[in-house]
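Below are two complexes that have chain A in common, paired first with chain B and then with chain C.
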Partner chain A sequence: MPLLKIDDLEIEVKNGTTVLEAALENGIDIPYYCYHPALEIVGSCRMCLVQVEGMPKLQVSCNTFVGEVPPERKVDGNFDMVVQTQNDLVIQERKNILEFLLLNHPLDCPVCDQAGECYLQDYSFKFGNAHSRFDEDKRVRPNEYLGSQIVINHNRCILCSRCTRFTREISGTSELFVDERGYSSKIAALEDRPLNNLLAGNVADICPVGALLSTDYVHKNRIWNLQKKSSVCQDCSVGCNIDAFYQKRKIFRLNPRENQDVNGYFMCDIGRYGFHRFEDLERVARPLFKSNGIFSEISWDTAIEKISNKFNGAEEKVAGVVSPFHTNETNFMLGRLIKGIIGTFPHIEDEEITYPSGFRISSDRSPNKRGMHDVCPSIVDDLASEINDKEIRVIYILDNEIDKEIDETWNKILTKMDFIVVQAYAMTRLAKSAHLILPGLAPFEREGTITNDQGRVQWLRSVLPNNGESRPDWEILNLLYKTGERFSDINELMKGMGEQFPSYSGMTFFKLGDQGLPLNGNLKT
Partner chain B sequence: MNAFKPVLTEHIHQKDCHTLPFYKSVGGYKALEKVLAMQPDAVIQEVKESNLRGRGGAGFSTGVKWGFIPKDSDQPKYLINNADESEPGTFKDRLLMNKTPHQMLEGMIIASYAINCNTAFIYIRGEFYKEYQVLKETLAEAYQANLLGQGILGSDYNLEVVIHRGAGAYICGEETGLIESLEGKRGWPRIKPPFPAIEGYLHCPTVVNNVETLACLPHIINHGADWFKSIGSEKGPGPRLFCVSGTVNNPGVFEEPMGISLKELIFDRAGGIPENKQLKAVFPGGSSSAILTAEEALDVKMDFEDLVEKKSMLGSAGVIVMDETVDMVQACLNIARFYAHESCGQCTPCREGTAWLVKMLTRIVNGQGKPDDIDMLYEITDNIGGRIDFSKGSFGKTICPFGEAVAWPVRSFVEKFEDEFRSYISQVEAVA
Partner chain C sequence: MATIIKSYEPTFWDKLYIPALVQGLLVTFKHLLRKKVTIQYPEEKLIPPEGYRGLHRLNKDANGRIKCVACDMCSAACPADCIDIIPGSSPWDDGKERYPVSFEIDLLKCIFCGFCEMACPEEAIELTEIYDFSDYTREKLIIDKDGLLDVYDKTKDKNYYSNSQNLTIKE
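After this line comes the complex of A and B, so read on.
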């Protein structure tokens, strides 16, 4: 392995590693704009220039590859490359490049959405001049829509070309290009080919400055007002890793979080903007009991008692409906509770989309179908006919989706039931058909594990606080167990689940961490 | 010393000199016959020994460039003839294509054979429409005579030549910008490494050679490397087409041995300066070269070494003469404007810096200059093109040499005629 010396640090690196990668991995900060690990190297911003011993010019570290050199060419007898990233020459060069980048920049940080997470702002703080030496008129251009969700502020753009490379290399749709030439260059899309692909939102994320903006977030908040929590997207079975940015009870923005085993660096717009559908819902905040067609609030104790009474002695006649939208823990608890039959609603497949880069949007737009089947192996194929055959009278349903329609078959089934319990977070059609509604958590409030379609178990973290008297879904089911069979907390539950289903054994939130673990991983002891 | 006899332009004044029958009548394609009987490596060796250096601008050894093409790769190799002649003050390739296109084509076939390439391109400047028509005719003749196509002249060597017309961008004369453009992309130079010899056209090994470079090849093969080396300067020998323009009586292309004095070129070949005005400054090698003052110009030999010693370069050998009436501030603005217009805009220093120069120079010309502007002009040019240290090579900061190509001449104007810039600025102060 080549021996690289960066500043005072001596490190062995993989053959072919770039100086920039080696530096970043080892905590040395080299500023850059155009470089992005998922995109082709173009070396155009010139910000990452470093001094390489033996080379007359400063080199862009993003395109300087470290390789083993023959003994006679080693520097100081044993280094394959010696790099200076912090000396006066390099720092001066960064200042020069930054001066060029800021010549026409409007310096409108107070109204810029990127402020607080902007490379231009950060490096200006670090390397910038206090006063501009530019005495000329600035280049001023109006904002433009590049697609229905993306606006460009040309004045802030530094033409790093990350966005054009993204549409060429990752989405493969090539909507964005550089129009004009030289000083007049600008990012553009053709009028009849706007940036409307399902990965479009990523260009706003990878824009290192405040040029590309998502219309969904523009001028909504300041980043320093928002809190961030890592979680997992729940809009398809891929399970992209995300960071959710929220303030109090409201989510403002979802960003993809790197996970090379799942989503790389990106996420799709279905997931990115999906959180809005949980806003302004008519939430269920307390247990509701229907009498004479009207719901009225009851206490949790009364609700649990009513359900237990219905179950008692008729355990074989109770059906449970698990859901691919719920966590493994919740489905496991329902599957374990019900002695009659376990099933799930028929699921409609959507379009499967795979991009040239391999990024995938699954046809299964539920997050946890695989996990649901893993922890509820007795799910019947055709729930509707089994319910008829076995003369089921009581049904316990984990609510599925907020926009779920109830078809004719299910309408008939539900009207025949003596007692319907729906565990729901909103007044869905299904909830309205219930005799008793138990208030569970909405998707961004839940915590637990979900298993993606590749068999990776990931930690779904709660982002928002619980609403009213609603309780975690697994915990509600826990109340229906006999005292001795209950779990004391979710960690105990996961342990119990692992004992019953060995492919989940040994999994804890701590071990799943930010990146999740494959099923049957090395955890089995 | 024998009087120099033109090599590349010997026959350009004769009738039908562009046709195949004429070219054959003066010994054309004899070199190709000879080459087809040689091993490709022997051809490369001969060209290496001739010390032929590229005529496009950079002056890199042609044989060495060919030698970078990997021999063990089974990828196709490509030769690209860079006929995108766009350097201001340069019009020699145009002449060669018009008058002796077969000479250039023979050179292309020889080069292709040497690097084992079966598809070659002529990337011709879009504005050269007439030359494009001539070349189409040339290729038709060559295919007809089995000089191109399958089994050339009875050998087992095949070569197709494709003409591609540029769309008018100066930067597409830069070899990697050219390759991008040829691939149908925007003409943005590529970052190196990898160099085109390893990953060029369609990621395959590629050689890009200039028209005049290629035109030299048949003569090297016919007369040998030693003959070529005997012409002109030792470290960069051979005949060279010098384009002289600007304030001279007799502008044009003059074929002379490398190392001819600039004085002789201007005052003898180009007939001196009209109305016996005084020489003020000269671009020795196209507008990308640093200008020489009259004093420097009268004391310089036109070869690679001597011009580098004068902190300029031979470049494309486009000599632009400026007499005493030329306003150096205006001329400087003119050059800066050209480069700002042609900057591809890919990398930061060039995109932003060239426009800054133009804005500042325009302000100075418009009588709104400030004393600090002079220092800023030095700083901006340094920040685009890097500080020039000729003992250590250039200190360019951009992906391609364009940054240096704008910084050097502009800086040389300010450096060598600072007084004129100052007088523009002091007029302002006087008024104020």
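After this line comes the complex of A and C, so read on.
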């Protein structure tokens, strides 16, 4: 393996590693704009220049590869390459490059949404000049829509071409290109081919400056007001890893989080903007009991008592409806509680989309179908006829479908019931038909594990605080158990789940961590 | 060990009281002829010295629009955390893209440090010399965007930035 010396650090690297990668892996900070680990190298921004011993000029470190050299050409008889990243020449060169990049840049940080997480801002602060020597007027261009959700501010663009490479290599749709030459170059999309693919939102993330903006977040907030929590997207069964940015009780945006085993660096727009549908819902904050067609608030104790009374002695006559939108823990708790039959909602398939880069949007637009079947193996296929056969009169439903109509089959099932319990977070149509509503948590409030369609278990972390008196869904079900059978906390519950379903044994939040683990095998070690 | 403190025993001269009375009155008459230090507030008002930091105002630009671009710099700088801004895209399509949809300062929390005006990149927020803005409820002391713009209308002949010397940045 070639021996590389960066500044004072001597490291062995793989043949063909770039200097930039080697430096970043070893904690040496080299500034860059056009380099992105998921995209082709172009070496166009010149920000990552370093000095390589034996080369007459500074080299772009993102495009300089380390390889083994014959013994007689080794530097100091030992190193295959010696690189300086912090000497005066390099620092001066960074200053010069920044001066060029800022020639036409408007420096409008106060109104720019990237401010606070902008590499141009950071590096200008670190390396740049305090004053510009450019006395001429700056080039000013109006903002343009590149697609329905993406706006470009040409003045801020530094032409790093990350966005064009993204549409060429990752989404494979090639909408964006560099229009015109030299001083007039700008990022553009053809009028009849706007940037409207389902990965478009990512270009706003990878733009190192505030040039590409998502209309969904533009002028909404400042990054330093937002708090960040890592979680998992719940809009399809791929389970892209995300960072949720929120302030108080409101989510402002979702960004993809790197996970090479799931989503790489990106996420799709269905998930990115999906959180909006949970806003402004008519939430259920306390248990509601229907008498004479009108819901009235009751206490948790009364609600649990009412349900226990219905269940007692007639355990075999209760049906439970689990949901692929709920966590493994919640589904497991309901599956274990119900002695009658377990069913689920009919499954909705959507279009499966796979991009040339391998990025996938699953046809199954629920996050946890696989996990649900894992922890509730006894789910029946035809709930309606089973209910008929077994003369079920009480049903307990985990509801999650805020915009779903109640179809004929469900209508038939519901009209037969003497007692319907719906565990929901919003006043859905199904919830309105219930006799008793128990307030659970909304998708971004939940904590638990979900299993994606590849069998990877991931930690779904709660982002927002609970609403009103609502409680975690597994905890509500826990209350319905007899005192001896209850779990003290979610960790105990996961242990219990592992005992019953060996593929989940040994699982803890701590082990799953940020990246999750595959079901087969690794959970135990 | 207890110490015995002898109490003061007034002499005959003291017991007359008249000398003390005269002494006291002398002080009164001396001040009667001097320049007064108190003023007849609220009929008369004290003019605070230059650089005094009182009630905030939000400045308007030449077109009469709010100058603030809702950059949140002031609220980030504010040590009392009393500025609450909701930004939005501006309704005007020339130049200014961003403006505050709502801008509130909790005057009860504010410590009148002036950090907000120091932080502002647009010279949009200033502390005026108005100091008498007490009120009867807490809610009324949360001043909103319109209130702050009204303060500007009342004080628009004054430029508090130019008064403040430490704002001139030396090159």
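Here, the second predicted complex is superposed on the first by the 523 of 525 C-alpha atoms of A that agree within 3 Å, B and C clash if a C-alpha of one lies under 4 Å from a C-alpha of the other, contacts with A are read in each partner's own complex, and residues count from 1 in each chain.
As a working rule, a residue touches a chain if its C-beta (ideal position, glycine included) is under 8 Å from a C-beta of that chain, and two chains touch if they have at least 3 such contacts.
Being a predicted model, the structure only gives us computed values, none of them experimental.
In this superposed model built on chain A, chain B and chain C occupy separate space and fit side by side. In the superposition on chain A, A:Val111 makes contact with chain C only, while chain B stays out of contact range.
Judged by the touch definition given at the top, the superposed model places A:Val151 against neither chain B nor chain C. Put simply, more of the residues of chain A are touched by B, taking chain B and chain C as the two choices.
Of the two partner chains placed by superposition, only chain B is touched by A:Ile97; chain C is not.
By the touch criterion defined above, A:Val380 lies against neither chain B nor chain C after alignment on the C-alpha atoms of chain A. Of the two partner chains, chain C is the only one that A:His219 touches; chain B does not reach it. In this overlay, which is a superposition and not a single complex, chain B and chain C have their closest Cα atoms 18 Å apart. Shared interface residues of chain A, touching chain B in one complex and chain C in the other, do not exist. On the chain A side of its complex with chain C, the touching residues are 109-111, 115, 218-222, 224-225. The residues of chain A lying in touch with chain B in their complex are 41-47, 49, 56-58, 60, 63, 65, 93, 96-97, 99-101, 103-104, 133-137, 139, 158-159, 161, 177-178, 180-185. The part of chain C that touches chain A in the complex is made up of residues 69-73, 75-76, 87-89, 96-98, 121-122.
For chain B in complex with chain A, the touching residues are 169, 186, 191, 193, 340-349, 351-356, 359-360, 363, 370, 376, 383, 386, 392-399.
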